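The following blocks contain the structures, represented as structure tokens.
What follows is a pair of complexes built around chain A, which joins chain B in one and chain C in the other.
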Partner chain A sequence: MGNASMDDGDITRELWQSRIPICFILSDDDMSKVNRSELPEPLYLMLSRHLYFPCFIEKIFRYYSTYYKENLADTTNHLSIHNLWLEYESIPLKWHYPIGVLYDLYTSSLTSSTCHLPWQIIVHLSQFPENELIRFPDRESIEAYYMSTLKEADALKHKGQIIGDMQKRDHKQLWNSLLQDKYETFWNINMKLMSYTDNLLYFRYIPYRIYLLDRPYLQKLFAPYDSEHDRWMTLNDLVQYSLNHELHCEHFANGKKMLNTNVNDYQVIIHGVQPPLHTPVQWLSEYFSYPDNFLHICLVEKRT
Partner chain B sequence: MEWKQIIYNQLRERNRYERDVYAEVVRHYNRLIENYSIILLRCTEQERDILSLRQENTDLQKNSVSVAGLPVNDKVKTLENDYMKAKDEILTLLRERGDITKEVISLSRIVKERDDKLDSEEKKNQILTKENISLKQRLEAAKEASSGLQKVNETILDEFQALQLAYSELEKRQQELDATNAFLRREMTEKVEKQANALDAEVQQHQRRIEDDVKRKLDEAKNDITSFSTPTTVSTFKSSLNDGKIHRSPAADFVKVVVPTKAIAKWDCCDNELHAIQFHPSGSLVATGGSDRKIHIWELNGNLGQVQPAYVLAGNNSTVTAIDFDNEGANLILGCSEDFACRVWGLADQRLRHTLTGHGAKVFCAKFITASLIASGSQDRTLKLWDLQNRQCVRTLFAGSKCHDLVALDASGSLISGHFDKKIRFWDAKNDSTKCELQLQAAITSLAINREKQLLLACSRDDTLKLIELRENRVIQTFSHDDFKVTSDTVKAVLSPDCAYACAGGNDGSVFVWNTTTGKVEKVLNKEHSTIINAVAWHPDGRFLVSCEKQRRAVLWGE
Partner chain C sequence: MTLTLEEFNQCISDLYEQSQQIHDRWQLQKTSKGSYLVYSFVDQDHLKHEFHIVYSESYAVPVLYFNVSRLDGSLLSLDDVWQLFTHRKTSKMYETITQQEHSILHRPFFVLHPCHTENVLKQVANQPIKKKFLFWLSIYGQSVGLPLSVHYAID
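Moving on, here comes the complex of A and B:
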């Protein structure tokens, strides 16, 4: 878990260079309100998997606002940046999930066709769905959300010691190098967060979230090393344990949905790939986490 | 670690699938979109331009439509009429414009003139204000100066008043002092007269006593003659009686005069010539003066025969010619020098007390008459009497010839002076003229008088010493010697305190001692001096003789 040299660096570099082509199309409602003779063409962007949609909201809005010059002043139309929301196949997209997670979760499961690229997202400028979505935040809020996720991860891994010892400028540097796509500066500081404390050779607990359709994500306490049986825990163990534990909780709460706890019925997707199920969880947490140090795992039911 | 490899491969596959395929396309697409939007913009602008141009075109077309309705000739006529009208209008307008421009030019000229006038007025105004300011400043300065002067004036007035008060006070004081002065003078003259009378009385008494004494002795001798019968003594006595002029003063009995036989001490006084030497009345100090301008005081230890330097009095600006000590106990020493002045020092504090200037030439001699009266004689042919209390010359006696030496007769100021013109002059205290004169054969170089003021020893340039009796002003003895030569105008000769001997120094360095009664040389002291002996002095006790030679050596002679 700590003895890899070149291979791990290659993997993290490949992870960093991930991009998804996304095609933003204006909704029909809003298309009708355009007061120019030309209708806006779709907007194509290559976005990183590990960033968030609110980082690009200004760019999207600026592109479409040129077609609405006069109408923007008219507040009855409700066309404003605060009313902007994204939708994929009638699912409003949550802004606090990384883009890669959203893509893996929704495209893998909903449609049958295997090719989903470019990912076509519909941009709405009005009729914000208040019930289902919180409004897109500004830059500072998304940064704050990122930092809090990071701290939560460190709390699970090292009881929050390392992130607490880091200075504020290191936190800032993490976020800025994330926005500016600077691999070296990001991993300079992230290495500190991947170190061990308390004379252990592994993290205390693994920070991870398991995403399933139509239910909130699962997050449990899971140690990467079993000291009783002296073996490293694998991805399979982690998913199995989480599903079992969730089912257990559902029983307690008399939940209506019944969870399928058979791991083999799912595709386990992280970063758009399916790692072998016997991969050690400790290694995954160190080198395969998202920049917020969490392992975001999507479980998609297999087609039979 | 094959799972790592699997993961890695999967990632590469994914990236290729997701990213590589679409990256270029998206980029080119975005660029096309940009270009498209730019072109759109230009297009809209051009459409706007076209619209505006079309609008103009339609306007122009509308204008031309109205004209196009008439036939051509009428059209031309109407055009011509319009043209003429327009030309007329233009002409009138041009004429009007010409008039207006003319007016404009004249008005502008007027404005310029007014501006120039205004400028010149302003300049004048500035100059005047400057003058005004400067005048005001001058006025201020003048006022300040005048106030200053006033203040000064006031202070001066105050000072003047104060000075006037002081002056009036001083005048009053002076009058009072004058009155007291006159009164004191009167008293003093009365006292002096009384003193003179007393002295006369004393002298008479003294003479009477002597006569009585002689008578007594005669009686004794008469008695003795019967027992001793020595004719020589009788003869001597007789001769002495016949002369009756040589007296041995009994008051001088305590003085034991011995003729010195040998030199007891010799010392070098100063670096230059010695001109004067004098004993202090107490006999313990010797003063020497010479051309080093200082008076050296030496202590004499009579028992051991030693002479030691005591101190030096300075102040003279030229050679010291004569020294005198006062004999009234005021402890003053008088030195006169060739710088035309006499100076008085106090011996106790060695301080210069008085400087008496007034002579027009070298002062050759000066003597204390009293402790506050000094007589001096100089080369300017005058004698001056100085009062030490007023520090003034109270009398000037015109002698007509250089005065080489003088002696004081009495305390009132009677003097005897010896001069270059071979005369000895006797001066009266009361008036300024000579009482009588005595003519000798040659210039007189020094005078010495005995204690009773009856015998005068004069040294003259004809190599002789003359003993003069003062009652009848007659020469009774002449002393000379083959080797005794007087070659200077200021050689001093002295009488011994009991008047038994006369002493003088010759020009070859020998000291001669004559017996006054016999007139013969008693002793010749030589071998000690080498040059001319300028001055000699006899110790008041009579035991020592001191001589000084020109070549700075002084010798003490004794038993």
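Moving on, here comes the complex of A and C:
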């Protein structure tokens, strides 16, 4: 793929800056426990697509806790920052996925483009669904999760050689610049993770996950270059391969809706845009990955 | 040192067979997404410990997932889990244990991070696959209270 051109650098910067307007609304259940005469107004925040909702747990909780001053001391209420979770249309939001991934997955199938901005999300302060959602009790736990994903990406790309050779302070720099919105400082380190090893001109495997509604994500080993046929693999190849493999695994007997493996029946969305399906995945991996170095791809069925 | 999927499947199959022979608790789950081993027991404080051995394609090594739950079904938090294993809480702690989405069941489990597994296995690089697997299991399992009978080490 060669050296980054001016245009490619502009792309990564654009992606870094993209944000989503979100409107947080308190759940009816928790609203009923508010002890002030005025009910909480919704909370509006502009959040980076590539960050994680748990980064904002404290901010959200602080906002709503002012309405519960007395109730917070009452432990029978179970209103606690540790029980805060988010829901969209009765679905607990898997907040270990980046914000942009959740947004693209859940709102792309809506017909009108105006009806889902700002994105309306319900805030719950009790009954944390611990069998579905990962807990992030503090900032360190989010950092640990981010680092574990980053390490997995490097394991796929470089057998972990590059991240393994990095100093601890480089790891810290990646996470801190992500939190502090510092593009340059982030990419100073991240570009090392985009280099090649083992005399290859591409990554060993592409770190990616494909998200569909009502299904766990798809992830397989996928090489970006087919040396036998001297061919760069495309986004279409990657999606097709993953869908075919998933169908192969599926049990027909359990009555699950059979997976549609026709790529053309889906919008293939990364960072809210639909890259051309003939784009080489090596390029996408270098320029269109999230800060965790994974390509998070949403497949949303097109309406017929 | 890494394990192929075939080697992994052979190891867990062998462990399961041995477990049956010595009347131990290992169960072998086969799914369309892959096979994995499960071990669970209830301790004297009525806490249920559940361990899963799953293959990681990304790292080409086995991974140990676990959860500890109370009688009412509620899961122990990471803090609770660390108190249970009487480790001192340090910042390194979060590097070794994180909560992740189980790669087959897709619900939250604690996992001992596999990024060091390859290094750990280097110590037994020239051993047969089965010995490597047991070595890995004894080291990782020990740190999270997984009982492993000495009988498994005997051929």
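Please note the rule applied: the second predicted complex is superposed on the first by the 282 of 304 C-alpha atoms of A that agree within 3 Å, B and C clash if a C-alpha of one lies under 4 Å from a C-alpha of the other, contacts with A are read in each partner's own complex, and residues count from 1 in each chain.
Simple rule for what comes next: contacts are C-beta pairs under 8 Å (C-beta built on N, C-alpha and C of every residue); 3 or more make two chains touch, one makes a residue touch a chain.
Treat the numbers as computed from the prediction; the structure is a model and nothing was measured.
Of the two partner chains, chain C is the only one touched by A:I134; chain B is not.
Residue contacts after overlaying the shared chain place A:P118 against chain B, while chain C stays out of touching range. Of the two partner chains placed by the overlay, only chain B lies in contact with A:I20; chain C stays clear of it. When both complexes are overlaid on chain A, the residue A:D214 reaches neither chain B nor chain C.
Once chain A of one complex is fitted onto chain A of the other, the partner contacts of A:E184 are absent, as it touches neither chain B nor chain C.
Touch criterion met: A:F288 reaches chain B, while chain C stays clear of it. Of the two partner chains placed by superposition, A:D230 touches none, neither chain B nor chain C. With both structures placed on the common chain, the touch criterion links A:I11 to chain B but leaves chain C unconnected.
Once the two complexes are overlaid on chain A, none of the chain A residues touched by chain B in the first is touched by chain C in the second. Touching chain A in their complex are the following residues of chain C: 32-33, 57-59, 74-75, 77-79, 91, 94-95, 98-101, 106-108, 113, 115, 118. Touching chain C in their complex are the following residues of chain A: 94, 96, 130-135, 137, 140-141, 143-145, 147-148, 151-152, 155-156, 160, 164, 205, 207, 216-217, 219-221, 249-251.
For chain B in complex with chain A, the residues that touch the partner chain are 1-8, 10-15, 17-19, 21-23, 25-27, 29-30, 33, 36-37, 40. Partner chain B is touched in their complex by these residues of chain A: 4, 7-8, 10-11, 14-15, 17-21, 38, 41, 43-46, 66, 117-118, 271-276, 278-279, 283, 288.
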